[in-house]
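Beneath this line is the structure, given in structure tokens, with notes to follow.
By letter and in written order, the chains are A, B, C and D; residue numbering begins at 1 in each of them.
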Amino acid sequence: MIEIDNDLKTRFLSVREQSLKLCAPLKPEDYVVQPVVDVSPPKWHLAHTTWFFEQFVLVPHCQGYAIYDEDYAFMFNSYYESVGKRVLRADRGNMTRPSTADIKSYRHYVDEHMAEFLSKNEIGADLAKVLELGLQHEQQHQELLVTDIKYILGHNPLFPVYDKIPYDQPDKAFEAKPNVVDVEEGIYEVGYDGNDFHFDNEEGLHKVFLHAYQIQDRLVTNKEFLEFMRDGGYEQFSFWLSEGWEWAKGLETKAPMYWHNLDGVWHRFTMNGLREVNPQDPVTHLSYFEADAFARWKGMRLPTEFEWEVAAKSALYVNKEAGNFVENEMYDTVYGDPSSNQMFGDAWEWTASAYLPYPNFKTVEGAIGEYNGKFMINQMVLRGGSCATPRNHIRSTYRNFWHPHLRWQFNGFRLAQNI
Amino acid sequence: MIEIDNDLKTRFLSVREQSLKLCAPLKPEDYVVQPVVDVSPPKWHLAHTTWFFEQFVLVPHCQGYAIYDEDYAFMFNSYYESVGKRVLRADRGNMTRPSTADIKSYRHYVDEHMAEFLSKNEIGADLAKVLELGLQHEQQHQELLVTDIKYILGHNPLFPVYDKIPYDQPDKAFEAKPNVVDVEEGIYEVGYDGNDFHFDNEEGLHKVFLHAYQIQDRLVTNKEFLEFMRDGGYEQFSFWLSEGWEWAKGLETKAPMYWHNLDGVWHRFTMNGLREVNPQDPVTHLSYFEADAFARWKGMRLPTEFEWEVAAKSALYVNKEAGNFVENEMYDTVYGDPSSNQMFGDAWEWTASAYLPYPNFKTVEGAIGEYNGKFMINQMVLRGGSCATPRNHIRSTYRNFWHPHLRWQFNGFRLAQNI
Amino acid sequence: MIEIDNDLKTRFLSVREQSLKLCAPLKPEDYVVQPVVDVSPPKWHLAHTTWFFEQFVLVPHCQGYAIYDEDYAFMFNSYYESVGKRVLRADRGNMTRPSTADIKSYRHYVDEHMAEFLSKNEIGADLAKVLELGLQHEQQHQELLVTDIKYILGHNPLFPVYDKIPYDQPDKAFEAKPNVVDVEEGIYEVGYDGNDFHFDNEEGLHKVFLHAYQIQDRLVTNKEFLEFMRDGGYEQFSFWLSEGWEWAKGLETKAPMYWHNLDGVWHRFTMNGLREVNPQDPVTHLSYFEADAFARWKGMRLPTEFEWEVAAKSALYVNKEAGNFVENEMYDTVYGDPSSNQMFGDAWEWTASAYLPYPNFKTVEGAIGEYNGKFMINQMVLRGGSCATPRNHIRSTYRNFWHPHLRWQFNGFRLAQNI
Amino acid sequence: MIEIDNDLKTRFLSVREQSLKLCAPLKPEDYVVQPVVDVSPPKWHLAHTTWFFEQFVLVPHCQGYAIYDEDYAFMFNSYYESVGKRVLRADRGNMTRPSTADIKSYRHYVDEHMAEFLSKNEIGADLAKVLELGLQHEQQHQELLVTDIKYILGHNPLFPVYDKIPYDQPDKAFEAKPNVVDVEEGIYEVGYDGNDFHFDNEEGLHKVFLHAYQIQDRLVTNKEFLEFMRDGGYEQFSFWLSEGWEWAKGLETKAPMYWHNLDGVWHRFTMNGLREVNPQDPVTHLSYFEADAFARWKGMRLPTEFEWEVAAKSALYVNKEAGNFVENEMYDTVYGDPSSNQMFGDAWEWTASAYLPYPNFKTVEGAIGEYNGKFMINQMVLRGGSCATPRNHIRSTYRNFWHPHLRWQFNGFRLAQNI
């Protein structure tokens, strides 16, 4: 059985508030656009997460609830094919109405009804699950809000600053040479096995056999990636997957996303503006293709998601609470001690595993069942969590996933090899 | 020599003010998007027209003028290949910064400097020409502002109202049967020949030989176009140009743009919301292909631009001041007596003429020379002017032009035939 | 009434034979492909022209005629929307069946029936018109056969030779400086007015008013065009139409089609293989955009189609029979004296006129009515005729037309200017 | 060490001969085209396989060998980025030269030199490996020849017959209800571990842990798939992966590839022409998306490639020699007893496994190293082999792979489930 916070209403309002906080530095125009198909308009995120609670909590469970606006169900339903006709994903960025103000009213209306509903009703286990899913869903969109905003601002020729306080990867001081951890051959258990919230895709402890391997204790750094670049890594076919090579040929700048070479010095766009690339930071905003090519250049490989999880649950695992991420507080207040944990929070880490169902994966019935399973093709698993990831989404079993060419998330990688 | 208003500063400020008035009903989000490549974001129009005055008046002529922001020149230069690197046209709608507020500050800054400059300096003939071109240019963008806003709102599933007061084609009561005017065979003179402002593309009175023809005294109506639709006009190849047929096959709704069939009744989206199609109004928002197909179905043809101009200068021409259009006043106050003029202001009228240079066409030297000549391919000429056209852009020699498939302008047509 | 050859059957068989002769140098593979949408497979040309006679002559007029294969009507109907479902134009090059051998059998079958039909029947005026149209239609496809074959071979990295005997533009020895002819202002008559065959689009003598102009007596040469190239003509926006500029940016080689710079020396691919560019030849395989840009660079312009026709009918016109073109003989035997005629046969010449209907243009009823009228949009008129043009398609009133970006035809241009 | 046939030369010539035999029923035109990017022209296959032997055997090892034509290396290098510039894959179908006759001469030349070389030289182990790889490579292209020819003929409106003798899936008489085999939980060994030829991607016996599962003893049948279709399987989102749903929306016919509904009766195109769908045959020409959707509809799943291999090596495995496939004989002579083996030869079977490297995967140095590894992204593994698969490519460890949307191969699937 899932246990959730005693004070459900407080938690609900706190998560909801965080989405608005993340948008606070935006100008009205920033809420609207969808520069590429994968990036959604911030106002769409605000509306879509609200729609989830209206659709799956208030409408079926709150007697007498009046839908805020029938048109919104049509417009803010994202990937739920089972529920009505959707606005085509690529057209989200042309929908100037409802305005952000209207969407904030919508949020307010739904939040008020939710608060009242949570105050006055006993919440059964099933509904509690849906509610928790709604909150986790909203937190996933909070991470997307950060990365989508970064994309919108980072592709503007003015390079606007989101906020002057640090709100991007924190400065690290990684050692020049990573340490490694050895893991013995054997049967290991992976997958989520507890009573806290978790997603359908990580459900179910199950056994995997791992051959002996070695895994690094930190992510690959900017310094190391610059060596790859300077060694002609982007120009040598033998390091690349065939689709990766085609992809890389189309890059205007042969470097990670957001990197700009200004008078011979590499800079990167951050939420706090353009700054010089710090060699000791983990390299991020990479595609799987780049991570994989780097590993081949180095004569190593990426760990599988199972190797990663086993390492995270054992030797490297120090303190689940550590890492650098966003939650209810503003980012700068939560910078903890990054050295206390070597698997979490620096960046999402590409693994060598395709995103596929676990042996016990079951699709939940109904629209909510669409949640994760329908994406199980052509994507690779990432593990760990980044500076934009809400704290309670950082755990050893969490399976993030993206198509191999995408890099607007804070994606990095670490290396492994056979022993 | 061009004569312009005695009080140049007053005129300047009045034209500039009108652009802002047209945007007054917008929500902040409406300023940002570019749903298709031909439609520009309203805030881009506000900035681009401002840039014209900064670039071509203040920078070269106003001593000590400090450019507002160097980046703006890069971002708001539209079609002027000669002046720096442009932001790709299709990407305009993803540029959330500068914000509308910043662009309004930019306008204010440039307007203040212009006002001061116009107060304190004698304006020579050459500069007066550039200045007038800037004002006419801004008025052209005012028409685009109206049609681009209509597109943005009209393609939103909420069908938002721009303004409750009439701000679209006025209601007409066209007779069921049009009258016709006969024009005799002979040599006629066409082209602009006067001292008022005119564009480079209409310059130069020159002779054309016209065979005898007959031209209708009003535009084709919704009622007539509905007959074409009901007769299967969109489904019969023989009425269509080959490219028109391919184009029409791709239409989701076989009807003019903005038309929606609600429970069997045709409605159209207007700036004032959805309303039932009035049979006695001129049909508008048509492509050249549709106008041409209708004419063939009717056994007639479109007039050439010369036939149109000759008719406008003679029999049908009553009162240059009449027509329905936008100027400094809000639209509803300028509804005049539409019957007083039968060639102007109901809609831009597709003609059977390709947009090509007149015999005396000369490209002005320098960046301003790019103005009209570079578009002289693959476009058809429209004459007359619409409800969105500023009053002083409505004249018998004005040559508007668009690609034959475009219909987001207030485009209609009238019929002609040989005698 | 149209007069045609006394011996209709002989003429029929001779025209039909010529199509096969043009294909004689091909290898079986060359008959099949469609490398770009505008280029059709040679075997498709052979079948489509045959289908015309079957569909419009044998089926309606030859009692007891049995269609060769019902499927062929479906597959070889080209642009006749009125007659059944077509094979999508872009898919022609993937249809390996019917084979060339089958198509030749089809030709043989239709030719035998046609020969018998022509021997045994009195051919009335109406049918004679259709028949003549079929022959002219086949001759048009003969020109396309030549240019499509050139495209197929010329885009193969092996640069295969079509034939060793000259079968491309003949060598010319144009003077370094062209002579000019002056034409006075006045009303002129243009259009076809005779009893020989002509197309619907040139029908009808009618009056045009021309201002005084000057026109060159020869085409622009390779030498002149190389000067434009060396002067940075492809890199300077001010010479170009806006759409032309976009088009030119996409060119891999900034030069006419088929030009290759080998170790600093410009060569061009010809039907007889790669050869060095001869400075005194007319420049060909140009788009309208390139012709227009050259003219602006030179401070001149292209003639309109009317200016061209008036010149061809008067001062420059010497001998209709001259020129260099293909007919029933192989090309090398028909090289006449190119200097005897200065308007015909060197290349199709881009004019400054859009392809639009003449005042008396009438669409013929039925499928044949689709012939020319449906293409009257977005194309420019070319006049004159090239080395690939059958002799009887070269006349002063013939209106050829292509989209402005196309250059796989033998297209060149001459210059004009106002006086 | 790899052992290969004693008489290497005989084997070489026999494999080479088989490629030509497969093309024997083609007409010259069929050799040329590339109707979609994945389908290569038959003549390209003939040349490319030849190039392999020239490039990797004759050039480096046969003293005094004169390359047949330098241009061919450029044109027939397929995926080997390491060796020179390639002809763009999508352009293969426009290269009419070299002709098929020239390519056959090329084959003859290379074969003669190879035969002489093999007769006169001791072949060391390393070269023997390369040679064997060349033969296996050619056999892979023999399977592609069959499926590419099927595509070329099957997308022609004439539905041409390749051969009248059976040359497609043989008729089966699958039981209405499949039997199942249970496999216990445990550690199993997978991967190739022997001395015969095998590909780099199957190299290395290694351990996997499998949970207990059940797997069917035959493929899903046409009858079963028709039930899915009739139950609205293509129209219900909940059965589909999100990308599969988008893909299926684009299908013109909601059925496997090559299926046509003629007057209410489902037919399928075969190498022997159109024939009625036999309910007891395995369903083939499916995408992964369709297989996966069917499995969800059935409440089951696809087996992983490891589950498949373990089953193939144990309970279901009867006779490696059985199955139906193409080799040196024509297909009809090799129809054996399909019931003797239940894992091989009916069709390639989609598995639930992404195509990724095995733990011991090593890329060979140099151009040959590109062989399989560079495709390890965005593809799914298929196991088993089809009627078009050469006999010696059918083994329990063979890993075939395709993108999930592709279905022009003989792809089917069987079902599995947890116990």
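Going forward, contacts are C-beta pairs under 8 Å (C-beta built on N, C-alpha and C of every residue); 3 or more make two chains touch, one makes a residue touch a chain.
Quantities reported herein were computed from a predicted structural model and do not represent experimental measurements.
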item: Intersection of the contact lists for chain C and chain D; value: none
item: Furthest chain, CA centroid comparison against chain A; value: C
item: Centre-to-centre distance between chain B and chain A (centres being mean Cα positions), rounded to whole Å; value: 47
item: Mean-CA-position distance for chain D and chain B (Å); value: 59
item: Intercentroid distance (Cα basis), chain C paired with chain B, Å; value: 38
item: Complex contacts: residues of chain C adjacent to chain B; value: 79, 81-82, 187, 206-209, 211, 237-238, 240-245, 288-289, 292, 296, 301, 352-354, 356-357, 359-360, 363, 369-370, 374-378, 380, 404, 418
item: Touch list for chain D against partner chain C, complex; value: 27-35, 43, 71, 74-75, 87, 91, 93-101, 152-153, 155-158, 160
